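Each structure below appears as structure tokens.
What follows is a pair of complexes built around chain A, which joins chain B in one and chain C in the other.
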Partner chain A sequence: MIRETPTAATLVLGVDGWPGHRAGQHLDVRLTAEDGYTAQRSYSIASAPEDGVPAITVERLDDGEVSPYLVDDARAGDRLEVRGPVGGWFVWDASQGGPLWLIGGGSGVVPLMSMLRHRQRAGSDAQARLLLSARTPRDVFYRAELQAFDVTYTYTREAPAGWTGYARRVDRAMLAEAGFPPAARPRIFVCGATGFVEGVAAELVGLGHGADRIRTERFGATG
Partner chain B sequence: MAMTDESTLDGNAAAGVLGAVFRFEATTTVVTCASCRAAGPLGGAVAHVSDMGTVVRCRQCSAVLIRAAELRDRVVVDLRGAATIAVSVPG
Partner chain C sequence: MGFTRGFRRRHPETPAGVELPPGQYLTDGFPVLSAGPTPRVPLDEWEFTITGSVAEERRWSWEEFQALPRETPTVDIHCVTSWSKLGTEWEGVSVDTLLDGVEPLGAYTMVHSYGGYTTNLAIEDITDGKAWVVYGYDGEPLSAEHGGPARLLVPHLYFWKSAKWVRGIDVIDDDEPGFWESLGYHDRGDPWLEQRYQGD
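Let's turn to the complex of A and B:
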């Protein structure tokens, strides 16, 4: 268990017979109560394929059925029912090359982190940039590790004192400045809440990026 | 257009339930909509996921492509809305 922020934690899962995963995939966690009631949620995998075991980073949603347990109550050694890895669409393999442009909102950084870690561990020379929107600096996962990457932050609610970077929601001007031009034909992965993803994807198409270069992963509001 | 809210996800979100029944990776298959004949990767379609099950809709016309529900000991998949499903196989 690694605490990422006051409301989020990374859980490293030891899964018997884990077949390995690809960067960007997710897994399903199912909890079963003593009365047999079950609740299942999908979580993106944060670790790189090269790391072997899957790690997930979970944000606690206060009215959720699964995330409060995983973030606050789970302890090392607890057993979970896990299915996966699943998904083959929102994935990036180093062999696909770049440029790789990752755009995340809040906890949407999780599968993008798996891609950055994979790029690093695989020794890929693909250019990669991350544009990360967070409410405040305290809400950023993996902050120390991200210092090793080309990351542009925008803070939508509260920026640090003296901050000269972006302090607004991602918009077209920001995408034009902080990313790659359409002529570079970047592979673009956008992950976040539904509204964030739809807004960003529409602006990317408006800037001239091909819809076939953009892959999206929306996070639901159930936890 | 279908209703869009925080329960509206990508077809990718259907990977788990479909992976429980199909040998192939479902989200990279190309599905042709039986209503409007638009074709595209399942992962790029629209998915609605709830405890009742998963509904995948066409991103072009919003018709239902696939419905899947996990019951206690079986998975029920309704493919009526998919005219075809093209699966890449190793050459």
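Let's turn to the complex of A and C:
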């Protein structure tokens, strides 16, 4: 287990006979209490396919049913029921090429990280950029590892001292500046809470990116 | 697999008298999941069609569709990502009304949506009061994010079958996988049999 932030942790799962996965896929975790009560949730796989084992990064939701257990209670050696990998749409293989434009909000960075790690391990020369929105620098997963990639951060609650970068929600102007232009025909993957994804996807279409070049994955609930 | 060390229920117990399909949990919200950007369909361009293996194809404009007999089903819905929402209120037209007199000659359908989404459904899963094309949710016009102008509503199956931004039903002779079904999800998707993925 690797603590990513005060509220998030990466769990490396040793799964007998794991069939392998593609970058961007997820898996289902099911927990069973002693009285037979079960709860299951889906988590994006953070590790590269080349790693051979799935690792998931879980953010603890205060009113969560499964995430508090995984982040706070699970210990190395514990056994979890896992099913997967699942999903064939929000995936990227290095063989598909780029440019690759990844846009994440908060914990939406998890499947995008799988893509970046895969790109590196596969030796791909596809251009790749990550636009990452987070509340504060302390909320950023994989912070140290991301230094090796082309990442643009925007902080929506509190920026680091002396920060000269973006400090607001992702908007059309930021998308026009921080990614690839429509003429480059990037493969775009957007992941985060539904409000984030809805807004970003609409702005991308408004900027002239083809809807068929934009793949989305939404986390969490909405009212 | 026995039980998970140290795990116990946190959420409140499911209310008495409420039975959820296996693996589902109750939500008060209304999550949105999608594969791409939300399509925007102007009502003066919207149309709904019944095509394919039928005795007679049909087409309705938005105004013609609004003039059809409407119903207000209140149903429970179940998403393959495990959330369930009870007592959702919709307004729209029963698929039985749309197929009235059409005489489907095939046993299956491929449902098509604006934006390219598809999902496959057996005729018997969308007839006899099991399905609607709805344009109202919770007393308001259906928002684009939730599938407006109109979406299919098939509450007895996982909600990915309730195609958002629906534009037509194509009747076919043999079952073929639609969008998510081609990507690993179950061809039928009965939540009570927990048919989430291919092979379940």
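Rule of thumb we're sticking to: the second predicted complex is superposed on the first by the 220 of 223 C-alpha atoms of A that agree within 3 Å, B and C clash if a C-alpha of one lies under 4 Å from a C-alpha of the other, contacts with A are read in each partner's own complex, and residues count from 1 in each chain.
Keep this in mind: a residue touches a chain if its C-beta (ideal position, glycine included) is under 8 Å from a C-beta of that chain, and two chains touch if they have at least 3 such contacts.
What you see is a predicted model, and the numbers here were worked out from it, not measured in a lab.
Colleague: Should the superposition on chain A be reported as showing a clash between chain B and chain C, or a fit?
Modeller: Result for chain B and chain C: clash.
Colleague: Check the residue A:78 against both partner chains and state whether it touches chain B (first), chain C (second), both, or neither.
Modeller: A:78 contacts chain C only, not chain B.
Colleague: Where does A:218 make contact in the superposed view: on chain B (first), on chain C (second), on both, or on neither?
Modeller: It touches chain B and chain C both.
Colleague: So in the superposed three-chain picture, is A:31 touching just chain B, just chain C, both, or none of them (first/second/both/neither)?
Modeller: After superposing on A, A:31 lies in contact with chain C but is clear of chain B.
Colleague: Touch test for A:69: chain B only (first), chain C only (second), both, or neither?
Modeller: second
Colleague: Just to be sure I read the superposition right, which of the two partners does A:42 touch: chain B = first, chain C = second, or both, or neither?
Modeller: Once the two structures are laid over each other on A, A:42 reaches both partners.
Colleague: Would you check which partner chain A:86 touches, where first means chain B only, second means chain C only, and both and neither mean what they say?
Modeller: In the superposition, A:86 contacts both chain B and chain C.
Colleague: Of chain B and chain C, which one touches more of chain A's residues?
Modeller: Comparing touch counts on chain A for chain B and chain C gives C.
Colleague: Using the superposition on chain A described above, determine whether A:194 touches chain B (first), chain C (second), both, or neither.
Modeller: Both: A:194 reaches chain B and chain C.
Colleague: What is the contact status of A:204 with respect to chain B (first) and chain C (second): first, second, both, or neither?
Modeller: In the superposition, A:204 contacts chain C only.
Colleague: Where on chain A do chain B and chain C both make contact?
Modeller: In the superposed arrangement, which is not itself an observed complex, chain A uses residues 39-40, 42, 83, 86-90, 194, 198, 215-216, 218, 220-222 for both chain B and chain C.
Colleague: With touch defined as at the start, can you tell me which chain C residues reach chain A in the complex?
Modeller: Residue list for chain C touching chain A: 1-11, 23, 25, 27-39, 81-83, 115-116, 145, 179-180, 182-184, 197.
Colleague: Any idea which chain A residues touch chain C in the complex?
Modeller: Touching chain C: residues 30-42, 64-65, 68-69, 73, 78-81, 83, 86-90, 194, 197-198, 201-202, 204-205, 211-212, 214-216, 218, 220-223 of chain A.
Colleague: Which bits of chain B are touching chain A when the two form their complex?
Modeller: On the chain B side, the touching residues are 4-13, 15-16, 19-20, 25, 27-28, 41-44, 49-51, 70.
Colleague: What part of chain A is in contact with chain B in the complex they form?
Modeller: 26, 28, 39-40, 42, 83-84, 86-90, 193-195, 198, 215-222
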